[in-house]
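In this document, chain identifiers A, B, C and D correspond to the written order of the chains, with residue numbering beginning at 1 in each.
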């Protein structure tokens, strides 16, 4: 039966009616202010209400960034919005009789890829969402892995480099600091200082030293050697971490999504090569494939809806 | 119903009849020569045959070190014995009508702890077997995680240090190189060279510079500062890796077994402290406990038997 | 004969008449605006002019942060002030007949310690100035080491951690990112996020999460465990780098100065311990001592004056 | 005036009469047994005696591997031969009236390159001798840098990777473990395990998995991709360390010698590229060149002779 999925991002909300086969029947989007959580909740309630007027739905799934309680009713620690131990389900449930579940946004996106996207033929899958940060979702035996405390799949906080780059979480060397949009931007800006003679194309595109991720993608697609190298570095670290996930979880596919993955093979080819060069016992064991996500930025909404009805 | 468990080690075989509740009704042990695989298979067949004479059993589970095929019938790559794509199940099945399954030895030990030992009240568990190497087992939602290719739980080959110590697998910086008996021995011998003035107690115990793991344990238990420090270093790396597993799998318990774990709190206390200092989002998320294994060196046999009947 | 020393800092200028024995006969200080280089030059010229009215001097030495030309006449790349290939000597020489030399500020401070401070009995010395950044000076055989291009002693940009923290120079893992005031501040702020339960004293002192170096010093001196640990970490990296310098330059003393060194043994004891644990061939080779600088923040001025007359 | 130079290696001694311009007038070579130090001393005495019969010489310089006393009279810690605090000068002086000095072998080789080889036009030079290990020599202002305790230039024991490969000195991550013949061999053998499908050429050349340095050189010269990559990795680490030396000592030339350097540009090109990518403030400072050594394996003998007469 149809369900509503809502994806609460930092600056916008996407809500849609999602059919059993993952197609989106109707959709609504609102701009939001991450500094006004009350307004965000109102927008979600309004979106659900409007969508229900025209569609019969069984449940509502809400995706949000951060740590979610194991019972799927609260945001323990929001990353975009300053929710702390926030009972989001109860806040949204007022005035509706539908069952509501709260999901981590990367888990929701991963679930959508597993059900309807690149992972639809897999039984064991990991997904890395390479956006501003690095989110993850893990599916084992056809089930989303939530863990004992709801925190499974926080792959971005696996440590890659002891003494490495500071992460926003207060620790050093988290994978997210080497394989994310933030990492790409940071490395590009550092390269402008370290190798000024090579950074001309990037600086021109950005109109100065404040380079952003899409500038690097655009320059790399045009063949700029430094930009290509920045994606090779990112891919190196991405592949290294996927090899770690293979050692632990051993999935048959690693799906790469998020905005940075729009660079496609500029990112995926180095990631595959690095994965192969890091994988232990290669040649004596089966080996996952690294694939691009298929569903784009609707994945969170679609996955949240699907998780709500299961 | 009772089942037979067999644990094929590098230099000995342990076989026993294991009841539903994990108790061992009868047991046989044989010394073996890892260089003579045919003799090992004969010993296993003989042990099973002898045990069956006095006990009614439903199945046989065989634990071996290395990569096991997903169908649990072959050793793809043995670590102690030079088996490569070896159809061990068929070789052992000749002349018996019992169902036989082959299991990775660390998986078997972990399963035993999950069912009958420190993890018996858990639903999600990781076990780290700190022996000569570092083996792992992961249980999620009450099921042993085998992965798509049978290689899940190979936690010892997660990379901890880019450019770090060479591992026998040909890669650099594997966790096993920092948290295993081999790591302990290596660090102790390096310390003799680097800090000769502090290594007196260890050299005395070992009768020279060829220090072995039990010497370090003994010295640490007697309060030797260098030996205590070597366990602190080991615990530091053990805890760091457990924090990675918490980020990925999020279990409620990490069980530490293997010969090196006999040092008890000398190893576990630093591991716990390091785990806490490495865990992302600490204070906003539930947190696993680090516990000693309970079953000792019968765990592999018990777990293999139990996995055979399920 | 007496000489004038001028130390051009980011926000102030100190100028003084320095006697042959390093004593300061007269001194002047001015606040400056790093964004107004012309005004800075005028202040220097005025200070020199005023000091000469009452003192007979032979030369002027000017200390500035950044890369200095090998001929000691230009600032190739200023760190506090945006000088690029700036002919500072010629700009200051207008209207005076005195010889003028430009020196790197850390070199000047190191030279003062070598001549009149903690290094006065040494022949081979390194000095690490642990201020906002990490500056260095190296003396071999009684001579300040300037190198082929005037860039010797830039010890803060030795790489300590491949893939480590980003440095302002655009590279990763520079020593300065692990052993400087900036490192201390950064680590303290990260600790507030990672270990909120331990950071109470620091947050109270700072009136919020924007902790500064002196807050850490003050808290550590009062015994706050987290602050003490932050200095231990800093000392660990400081000592590790000193062991590298011992392997390369092999001095008999390492002098530690700069604002962060005001923490004294809270920093120096861990640095000494780390140095000892990192030094190769310890016990078979002579070993430097790690000592606190003696001259305080007049060192740059005194050293610049002394270098001008030699 | 002519002088005799003696180079005591692990398995042979080379002795020669060296003219003021570095030419070798006569030479003698003996095989030796590193396990028989007395026989080695006898061979040295005999060689000196024979050479003197036909040549008038002013002094004898003896190069040996290990830490040498600052007074140049003893081997404090031999690396090839088990000398500990061994008064080598007095042992050799019996029966001769010539002045004798003992020198570190890498220092001697570096000095020869500085006087007569690739560094002859330089004033500040570093030399890296990439043999089995990684030896170093540093010349500043035309003088060999010996340091306060005779241990300057031990560049191979600078730490490159915290937690990195174990070094024979008992520490982790020494530069020698990443840029030496031993590193090359070790990496090649690890590659056979990690990437069996790529190691065919190397295994064929070596007739099995026990690959040695010259096999890698030969394979790389024939274009084998894995062998070329192994030299690229070695060059990467070599260049990274040279950038550290540039930050500290700032020479105008880095000379690369030793047996591994016979690979020429296969090693030097990646080293140059890595040096450039690691150098701080590149573009705002003068920059050394990385050059091949010119004198081959006579360098130690020639340099020892030359140091003896100065």
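Throughout what follows, contacts are C-beta pairs under 8 Å (C-beta built on N, C-alpha and C of every residue); 3 or more make two chains touch, one makes a residue touch a chain.
As the structure is a prediction and not an experimental result, all values here were calculated from the model.
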Contact-richer chain pair [A-C vs B-C]: A-C
Greatest separation from chain B - chain, by CA centre: C
Length of the line joining the C-alpha centres of chain C and chain D, rounded to whole Å: 34
Rounded Å distance, chain A centre to chain C centre (Cα mean): 44
Approximate Å spacing (C-alpha centroids) for the pair chain B, chain C: 51
Multi-partner residues of chain D (at least 2 other chains): 160-163, 169-171, 194-195, 280
Category of the chain touch graph - line, ring, star, complete, other: complete
Chain B contact footprint on chain C (complex, rising order): 162-163, 194-197, 277, 280, 282-283
Sites on chain A touched by chain C in the complex: 160-166, 168-173, 178, 186, 190-195
In the complex, chain B residues that touch chain A: 67, 70, 76-77, 84, 122-124, 136, 138, 140-141, 143, 145-162, 167, 169-171, 174, 240, 243-252, 278, 280-281, 284-288
